[in-house]
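Paired with chain B in one complex and with chain C in the other, chain A is shared by the two complexes that follow.
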Partner chain A sequence: MPPIANPSGVWTLRIGGLSLLLHRRNWLMFGLLALLLAGLAVLAISLGSGNLGVRDVIATLAGRGSKLQEIMVFKLRLPRVAAAIVAGLAMGMAGCLIQTLVRNRLATPDMIGVNEGASLAVVAFALYLTLGNWPWWASPLGALLAAAALFALCRRPGEQGYLFIVIGIALSELLGAIGDFAMSTQPLVHLGSIYLWTMGHFAGISYQTVNPIAVLLALLCPLLALVNRPLALLRFGDSTAQNLGIRVPAIQLGVLALAILVAALGTAIGGPVVFIAMAAPILASWLARDNLAPIWLSALCGAVLLLGSDTLVRVLAQPEEIPTGIMTRLLGGILLLGLLIKDRRGAD
Partner chain B sequence: MNALRAENLHFAYQDKVVLDDVSFSLPRGKLIGIVGPNGSGKSTLLKLLARQLPLQRGTVEIHGKPLTHYSLKALARELAFLPQRPVLAEGIRVEQLVQYGRHPHQGWLNQWSEEDAHQVARARKVMQLDAIWQRSATSLSGGQAQRAWLGMILAQNTDLILLDEPTSALDIGHQAEVMEAVYRIAAAGRTVLIVIHDLGIAARYCDELIALADGRVQAIGPARQVMTKALVDRLYDTDVDILHAPGDGAPVIVPRRRGALAAHTEALLEHTEKEATP
Partner chain C sequence: MPALQKATFVAGGGLLLVLLALSLATGAGVYGAESVLGYLLGAPEYVADDKLAMVVDTLRLPRTFAALVVGASLAIAASLLQSATRNPLAEPGLLGVNAGAVLGLVIGLIYFGVESTQGYLLWSALGALLGNLVVLGIGLMLGQASPLKLILAGVALGAIFGGLANYLLLSTRVALEQFRFWNLGSLSASRLDALATVAPLAVLGLILAALLCRQLTLMQMGDSQARALGIHTSWVRLGVLAASTLLTACAISLAGPVGFVGFLAAYCARLLEPVALLRQLLFSTLFGMLFLLAADVLARWLLQPYELPVGTLLAALGAPALIVIVLRGGFRSLLTVR
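Take a look at the complex of A and B:
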């Protein structure tokens, strides 16, 4: 029997009657980004006060460090690095889902009230319920409540992606205003940590916050893998997607729900860091070239961008504390400008 | 058995009736055109048959089984639908576009079979896509893009193919390019139902025609029998001449200028002017 002709640029994995297509460029980029992320993580752990070289970090991670080095790596630095990676993965995935769904590269979960809902919940907890502190699930809860309100306002959100975004923007404004109002009624001293959080801030995060979120994200991954292919077909518009056997409204609704869940988890760690969810999918589709919905690549891009920003802000601002969100805004803005200008040159 | 049978279809957007008591059946392996004036319900009819719109009244049967008894994926293995202005995802290559036509036949753990490879290769050959196979689909000319889309539809390997005005907005050369491609699909034994604006093209390529006006079937039958002066005048509320093409005698429809008398007078005037000048 002659071998089956494969699509170009693809590896085929065959086990018995089963077959999987692996896009070569996509997975090469995935491997490269994973290596980059690992390198960046080791570098991030070694940077900062105290004398800790890259070799020491690797040795300590491998379990051959001194007591002091172990404390520095596992107790002080790793939680923050892990936090930035997990949040970045979530933001990258959520951004990719939303951008693909509404077929607009500038759309993000930030636009549909996820951030404002999360911030409002944290403000409510910190100012009125638990005084000065808040549980890790406060912000995902707020984000989900905001999303529920949005679903209630748009009766069939899957079928009206554009309207959904527009109403989402209005809702974000409203929630943001309520949060600002609540904060403005309080004395300034109480507001420091809340302000840092609403800007996106990763200092002093413990495993108690990172672990449950990482587990929940991992649980959502099989679902994401399941919607990946139908989601890519939605890029061809509703009629063509349906012609190819996709139940369009159901998939749209499912993707939206997943995007909101993932984005809510993303905000839970360091607060609503803007721009990662916008920049990561753009970078990912640029790297993958013709992958129509590069969720996994986008996740890694998000992690690299957020960990990079957080490390930069930590090293540059020492010993001050500047919210990470400010750096992501700077880097993200520059990246976006660059990409858009490059696009325009291509179009001219 | 007929490939498709529609009975007493009725469709209204709110209280505006678009289709009213439409019934017909499609014989297997024929190229059937739907013609009619703007707003006569042609696109709505096609969308109903492809289940892109919900059936309000009446029944549609595909291979003797009601349309609503198919799951969307099962339907996508029997019937392919190309909308009027399909959206191209940015950056996609022609090869990928054609491969996506195999989606209804694939599963999560069955992403590329021998049959997939065979059908994609066949679509590539029939639609003559060799020269543009690795090109970005957004960079193609109108006719090439339409051929690429038809490649996807063909790779879907369905018995029934519904095309909504694949030749609109194309010049005559590209129209012929696309219609030749459609003709090759029908010649390979597929039942093709196609909405066409251009009556000449419709008469030349289609085996049968369905003429729609005001949401009702006005005439149905072999293309040359349907295409009479009386019908065309009534359908489009105009006044045409029907000539016959040299060679195959296919009807050629040309609108008359408003009032034959006016044309006659003009010719007379021109004649006298010429005589007046020495």
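Take a look at the complex of A and C:
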């Protein structure tokens, strides 16, 4: 029997003739990030008005809290924290998918107008149809339309680099202007929460919005796992991937559709929170071994970043309510500027 | 002047007159062109009408003049930025300078209780100066090879400045309603006394820009060439910085951040006259006034009885134009002197 090669940095799981490679560093990072996210969530629940220590939160979550503590944790704080986590997970995944597909770090749903399309659709439904519930289900419609427009304009985004991004930014401006159009016909008293939502706001979100989106995302996860490997191979270029037995156009279209759907669901919760989808995959690829598209790491990074920003803005701005999107805009702008300056030698 | 330019100039001038008349004749109030003209010419039966006097003096006249001043200022600022960064896509709105001016104004409002037009001007000028310094610095750093990257840097700056400004505003409960409309860019709150303060400074900026034209034209060939011709390039850059800051501040303190008008005007002017900057500035000014006035008339007329913020309308028209220009790649041929 020939000796079995054991690559370094990898755990191998052998079941009969099958062996599964688990990249040690990826899994360690995944565990660490999950711990960090859990800790951050407990901290986020305990912060705010009212006396609620970290220990009380853990006790209440374990089912040993007082009535008041239960109301505070489950009715007031947890929905917001859950909303931020679910939205962050979705944004992290969507950003990673599109970045890898287009082979451009700046190509994320929030830069190329997909998020703006999603939020425009939601705002339009919320303004012109009185439905009672928050029309989160409208978001994939808007996102798909925006993406269709973008890809009709740019046929080969992988080769267009900055051009693709600038077209996407112009498209975002256009969609944003249309949203402002729609909103400027209404007085602010009617708009209030919608206006804040368009800047990315997580206050007052109910389980009615978060739960169905979380379920949908969970249903999409197996599909994501399925495209993960071919997507990683696509990074070597279309022809190489073709030679490795991948049906390139079909995979590209599938990944794109998945990414748009996930991005739209992420936007539907708290509005278009910008730059999370750009920062999360970059952070994930620093943490991970650089051999796969780190979808899951990126998702966790997105959740950590978004929950962190939301908690930060809540604590800093007390007692006022400031949209989370404003904080991510500020921090993300600095990140984008840094990336551009670092990349200054390359022409576009 | 070639025939095309002459024809454009005459046609543009004629169109400007038509738009001026339209702008004075449309808007809230039942008065048409005839009564407004009668009032302005001092016909006794119209002058006696108090309501007409109110409509013309406090609503239509200030807003029409404001459109001229703001359009011209932003267009010249955009032309100057295009020359200084050697980037035909540059303009104060896209590059984040407008956002810087807004941030300055917000800081003045919140921490220094500014209420006068002079105060608005001063603080938005400080903000615009910051924005211009950063943008010109990044422009020099990125070099001429990357016009698209500069736009992305502008997006980043806009996000930073805009995020800060919004944060400050929302955390201090300044009247959100008023700021929201102003922040989208609107001419509806223009007043004659504010115009009287701002207009002379805008003219000063215009004169400064005109004085710099010859040097800037030569600097298109590159800094070393220009220096060999005896031009003090750093002084010229400083002048551009001052003029562009002054003009942006004038526009912002009157109308809020109005994007895309400078870009459209300066780009069209550059298409018409790619080399001689003085002539380019002339056309840019004309186009800026034309575009903003036309957009403002449209904003009043489109969704009656509502009124659109003119900045939103311009973004809705300007963004597709930017898409077409970038896609067709025509801007690359404007990068160097032909």
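Just so we're on the same page, the second predicted complex is superposed on the first by the 287 of 348 C-alpha atoms of A that agree within 3 Å, B and C clash if a C-alpha of one lies under 4 Å from a C-alpha of the other, contacts with A are read in each partner's own complex, and residues count from 1 in each chain.
In this text, a contact is a pair of C-beta atoms (placed from the backbone, for glycine too) under 8 Å apart; a residue touches a chain by one contact, two chains touch by 3 or more.
A quick note: this is a predicted structure, and the numbers were derived from the prediction, not measured.
Of the two partner chains, chain B is the only one touched by A:Ile246; chain C is not. By the touch criterion defined above, A:Leu336 reaches chain C but does not reach chain B.
In the superposition on chain A, A:Ser49 contacts neither chain B nor chain C. Contact with chain B, but none with chain C, is seen for A:Leu226 once the two complexes are overlaid on the shared chain.
When chain B and chain C are set side by side, the one touching more residues of chain A is C.
Using the contact criterion defined above for the overlaid structures, shared-chain residue A:Leu18 touches chain B, although it does not reach chain C. In the superposed model, A:Phe236 lies in contact with chain B only, and not with chain C. Once both structures are placed on chain A, no chain A residue is touched by chain B and, in the other complex, by chain C.
Partner chain A is touched in their complex by these residues of chain C: 138, 141-143, 145-149, 151-153, 155-160, 162-164, 166-167, 170-173, 176-177, 180-181, 184, 259, 303, 306, 308-309, 312-313, 315-316, 318-320, 322-323, 326-327. Within the complex formed with chain B, the residues of chain A that make contact are 4-8, 10, 12, 17-21, 103, 226, 229, 232-233, 235-237, 239-240, 242-247, 285, 289-290, 292.
In the complex of the two chains, the chain A residues touching chain C come out as 106, 153-154, 162-163, 165-167, 169-171, 173-174, 176-178, 180-181, 184-185, 188, 195, 199, 274-275, 317, 320-323, 326-327, 329-330, 332-334, 336-337, 340-341, 343-344, 346-348. Against chain A, in their complex, chain B makes its touches with residues 50-52, 72-77, 80-83, 86-89, 91-93, 95-96, 99-101, 103-104, 108-114, 117, 120-121, 134, 156.
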